[in-house]
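Next, two complexes with chain A in common: one pairs it with chain B, the other with chain C.
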Partner chain A sequence: MLLAIKVILIIILTPLAGGLLAGFDRIISARLQGRKGPPLLQPFYDVLKLLQKETIEVNASHRFYVYVSLLFIVFTAIVMLLGGDILLTIFVLTLGSIFFVFGGYASQSPYSVIGAERELLQMMAYEPMVFMTAAGLYYVTNTFFIKDIISRDIPAIVYLPAIFLGFVYILTFKLRKSPFDLSVGHHAHQELVQGISTEYSGRALAAIEVTHWYESIIAMAFVYIFFAANSVISHVVALIVCLVVYLFEIIVDNSTVRVKWQMALTSAWVVSGVLGILNLAVLFFFEF
Partner chain B sequence: MSLITVLILFPLAASIMVYLVRRENIRNTIVRVGAVITAGLTLVTAIAYFNDGFQLSAQGTEFIDICMMVVEVCLAVYIIVTGIKEKKYLLSLFSVAQIILILWFEFTQKEGIEVETGIILDKLSSVMILIIGVIGSLICIYAVGYMKSYHVHHTEVKERKSFFFAVLFLFLAAMFGLVLSNNLMWIYFCWEITTFCSYLLIGYTKAEEARNNSLLALTINVGGGLAFACAIVMIGMNFRTLELSNFIAMQPEALVLVPVLLLCLAALTKSAQLPFSAWLLGAMVAPTPSSALLHSATMVKAGVYLIIRLAPLLGETVVGRIITLVGAVTFLACSLIAISQRDAKKVLAYSTIANLGLIVICASVGTQESIWAAILLVIFHAVSKSLLFLSVGSIENQIGSRNVEKMDILMNVSRKLAVCMIIGISGMFLAPFGMLISKWVAMKSFIDSRNMIIVVILSYGSAATLFYWGKWIGKLVSNGQPKVDEPHGGLYKDEKVPIFIHAVIVLLSCLAYPIISKYAIVPYLESTFGISASTPIGTGDQILMVLMVVMICLLILVPLGYIPLNIRPKRRITPIYMAGENAGDNENFIAATGIKRKSEMSNWYMEGIFGNKNLMLLSNIISIVLLCIGVLLLIGRWA
Partner chain C sequence: MNFNKKSPWILHYDGSSCNGCDIGVLACLTPLYDVERFGVINTGNPRHADILLLTGSLNAQNIPVVQQIYDQMPEPKVVAAIGICATSGGIFAECYNVVGGVDKVLPVDVYVPGCAARPQAIIDGVVKALSILDEKQNALKGR
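== the complex of A and B ==
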């Protein structure tokens, strides 16, 4: 019963938090560009409006992939926020992301297929670091369960600073921020239009937005895990770090230009490789 | 006559019968019935001896030994002559060395070495015979349908179906012998038979390319056989035993490690690991059922089976470390190269080599968790890969191409085939399917055993795996319209049934793995390592995974229209966005000078980065260097 309440709370509160984060993002971005920006609740207004729109689609099957994707992302959020297995979280997250990609392919539209291809490439670029993060956390804490990882005396960041840096690097992919917003753009992109989401409208597009809210919170939860320990202060610190990291991502988003896919892939792989191996090697050497 | 003997001899008898019967209809019936009986026998055998295992202390095995010796000599003579005739002198050299070594050992050294238990059926062999029996038989049935279409499409190839089916059954018999024998001489004999069968299957079309590739396969595997023979001689002379179980029970000291390395070398050639993987890529010229048989259930699994058996002697030892690294190089390199491949069978081949690399890593790391992962990988890989090969074979007959790019129309040509293909691919890399469960445990075991470099390699390899499978599924779901005037071949029932059964097995296996683990793998680990083992994945996670399987099954069927779900039927279908230059349909647009042009969409192959030439050369060099280092270290230990 208690579990059911928790699950329901997670399902409801996660997108609320994600939506607020998106609103916060838009205000900060606007200020960085010298504009006033929309109200904080604008993302919610947008989604509500999308829900009321007429459903227009290019074929009968392609909208389902978006809903499947949403479902698995929700599943991920539940497993993760209940303190479940971090590897399982990663696997389901991948599943959710890849269904979104299939949605891009299913529309047959040149712009969404390019978007899908690029999204797949991005997944390939960030996946090694995500795995190494899980491996590093397991190495340090000897458990894959998030609730055990965050209830230790010393937070994981003490042992995994390099892996954390690497993770922040690939976070830009996950949050779909410039310079790595190759597949779907919130900003207008000539050659890409809207990438994977080009052919979606109405409810399906709303689902994509909500999926992204969930994903942002999941990404932030990864950051949180690095800093949380069994003291209350550490949880406060973890929250603050999450906000700081998000702010940092917004600034990066507004101050960089989109890179080519070659750069995105190689830089992500090199950064992950160097930081990941370095961190793991040091741990191994000192036998923590 | 015990059940085991029947199990080994029945496919042999079926093979001879199929070869002798030339009437097409009767022969097809014999193949079908033979395959079903083989599968049935496997099930009966596995169930009958599952709990207690089975050991056969055969008396009077001299007759069998002599028969084997005669066959071996005949094979050697054939191979030597072929080698000379085809100017492949290395092949002849390997074969000469091998047969002289074995004959010398047999007649001068073998006196006094008693083999007490010739055949052992334990949990691992039960799992193996189930894979071989069930998957192998399904492939045989499939071959009946496939070969019909094959000879319609390839009129230039001389029809030798009797021969083809006979070799398939012979292969199954040899594999049964291989996994059931405890006598090293018998294992070696079956090993050689599988080598020879693969040569015959690859060379089926008798075309120039097929002949060269089959000779390449033969050369590499006979080379591996030579290593095997050396290992047998060393074990026999130093320890006066020829039983695999006795050998495995020894302490990993220098004198033991040399034959272990030799056996591992033989296993690496069989499992097509770098630098010996060229033969498997060449084996793609063969008709698809034989590729399926070689790559999923049988040939390549013989190698990893041997390494899993040897696992207690690997682990922390020099040999173990080296084999782990070779497997890791193979896994990473082939996963990356697979990205650049357009030919479906090539993608499958590289993925096979990569996954075998993963199994080799898991087996040679040698902790009980990693071996748990290795055995599950063997099972899941066999099932999914076999499904993929069979589907690709039928797809080729249907749309006339095995280029992944051409498969975008498959959904509208044969929806069932496309769904099976998607299930097979998902089985290879997505949660909650089997391969991913195994990778999960593999990851855990690598960190537990502090193989950090392997963890990193696994991360990168998995990411690459995600990319090449992902874009393939992307093509399959993309709903392309086939050209109306293009004729599409039919799908025979003999093809359909095995493919569907395979798809069901893939889905069931991800539900059934806790059972497999509990009743087969964990007991095997406990008896091998003498400690209590348990399933490395917790019950909570298992329940979540089962939930996901159910979700996926329902959800995949919805978009494909199998389950109608029209909550609001009011939808407006519009053409796709083409920057306002649509030409009336979803495929063409109005180009610069007002002409209608088709929008061609292709997947990314990134040949500049992942092209196979440089990457292959580099990783071959690395793996050769690694093996040399292994040999040097071992010599250092010994001296």
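== the complex of A and C ==
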């Protein structure tokens, strides 16, 4: 019973938090550009409007994929926020992204197909670091369960500072922010129109937006895991760090231009390789 | 309750305009007018758009393009003709290739006059378009 209530709360509160984060993001971005920006609740208005609009069916299956993707992402959020297995989280998250890519391929528009291809390249770019994060967390805590990882005396960041930096680097991919917003864009993209979401309208587009809200919170939860320990103060610190990291991502988003996929892929692998392996090697040699 | 008033997404198509009205449209997005305050986004994608802003007159070349863009937009949708060219052909009306205003092909809901249409007038036109959008939304619900 308690579990059911928790699950329902996660399903409802996660997108609320994610939507607020998106609204905050848009206001900060506007301020960085010298504008006033939309109201905080703007992302919710957008989604509510999309729910009322006509949903154009480009072909029989293309909407199916984004709904399945949403389902997997919701499942990821539930596993993660209940303190479940971090490996399961990562795999289901990847599955959700894969279905989103299928959604891009399904609609046959050249823009969304290019978007889907770039999304696959992006996944290739960021996945190694995600696995290295899981490996690093296991190495220091001897467990894959998030609730055990965050209830130790010393937070994981003490042992994994380099892995954390590498994770922040690939977070830009996950949050779909410039310079790595190659596949889908909230901002107008010339050669890509809107990438994978080009052919989606109405409710299907609303589902894509809500999926992205869940994903932002999941990404922030990874940051949280690094800083949380068994004291209350560490949880407060973890929350503050999440906000700071998000703010940093917004600033990066507004001050960089999109890179080519070659650059995105190699830089992500170099950063993951150097920071991740260095960190693991140091841990190994000094036997923490 | 309808939310399209709170989140009007715009698609801007340049027919055969002299670029004056286009600069007017884009000026609305700059920090001075900042229409994103009202949730306006320039989507560049007909599938996501609610309001089609057309500048410049229609000619034989762009009629199928305009038609296709309009057909790709999901209901409810409104069309606003920006500038006197889009309204009636304007100064180019006599040209051999110009067919006339946008209303020769699409059902135009709002006409924004001016050469070039000022950003203030364009914002005013979009606001008018929004109430029409609202009516269309209600009509869709009633169906």
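Assume the second predicted complex is superposed on the first by the 288 of 288 C-alpha atoms of A that agree within 3 Å, B and C clash if a C-alpha of one lies under 4 Å from a C-alpha of the other, contacts with A are read in each partner's own complex, and residues count from 1 in each chain.
In this text, a contact is a pair of C-beta atoms (placed from the backbone, for glycine too) under 8 Å apart; a residue touches a chain by one contact, two chains touch by 3 or more.
Treat the numbers as computed from the prediction; the structure is a model and nothing was measured.
Could you check whether chain B and chain C clash or fit when both are placed on chain A?
Here the two partners, once superposed via chain A, fit next to each other without clashing.
Between chain B and chain C, pick out the one touching the greater number of residues of chain A.
B
In the overlaid three-chain picture, which partner chain does A:T55 touch, first (chain B) or second (chain C), both, or neither?
So A:T55 meets both chain B and chain C here.
When the two structures are overlaid on chain A, which partner does A:V270 contact: first (chain B), second (chain C), both, or neither?
The answer is neither, since A:V270 touches no partner chain.
Should A:L82 be classified as contacting the first partner (chain B), the second (chain C), both, or neither?
A:L82 sits against neither chain B nor chain C.
Of the partners chain B and chain C, which touch A:A135 in the superposed model: first, second, both, neither?
first
Quick one: classify A:L205 as touching chain B (first), chain C (second), both or neither.
In the superposed model, A:L205 contacts chain C only, not chain B.
Given the overlay on chain A, how many degrees, to the nearest 10, lie between chain B and chain C at the CA centre of chain A?
Between the chain B and chain C centres, as viewed from chain A, the angle is 120 degrees.
Given the touch rule stated above, what does A:L247 touch, chain B (first), chain C (second), both, or neither?
Once the two structures are laid over each other on A, A:L247 reaches no partner at all.
So in the superposed three-chain picture, is A:K36 touching just chain B, just chain C, both, or none of them (first/second/both/neither)?
In the superposition, A:K36 contacts chain C only.
State whether A:V193 touches chain B only (first), chain C only (second), both chains, or neither.
In the superposition, A:V193 contacts both chain B and chain C.
Compute the least Cα distance separating chain B from chain C in the superposition and give it as a whole number of Å.
Nearest C-alpha atoms of the two chains are 5 Å apart.
Taking the contacts chain A makes with chain B in one complex and with chain C in the other, which residues are shared?
54-56, 193, 198-199
Please give the residue numbers of chain C that touch chain A in the complex, ascending.
Residue list for chain C touching chain A: 2-4, 6-7, 31, 34, 36-39, 42-45, 47-48, 50, 72, 74-76, 137, 140.
Where on chain B does chain A make contact in their complex?
Residue positions touching the partner: 430-432, 436, 440, 443-444, 447, 450, 452-453, 455-456, 458-460, 462-464, 466-467, 470-471, 473-475, 477-480, 538, 540-541, 544-545, 548, 551, 555, 558-561, 568, 570-579, 586-587, 599, 601, 603-604, 609.
Can you check the complex and tell me which residues of chain A touch chain B?
Contact set of chain A toward chain B: 54-62, 64-65, 68, 71-72, 75, 79, 84-85, 87-88, 91-92, 94-95, 98, 101-102, 104-111, 113-114, 116-117, 120-121, 123-125, 127-129, 131-132, 134-135, 138-139, 144, 193, 198-199, 262, 265, 269, 272-273, 276-277, 280-281, 283-284.
Would you mind writing out the residues of chain A in touch with chain C in their complex?
By the definition above, chain A touches chain C via 26, 30, 33-39, 42, 45-46, 48-49, 52-56, 188-189, 193-194, 197-202, 205.
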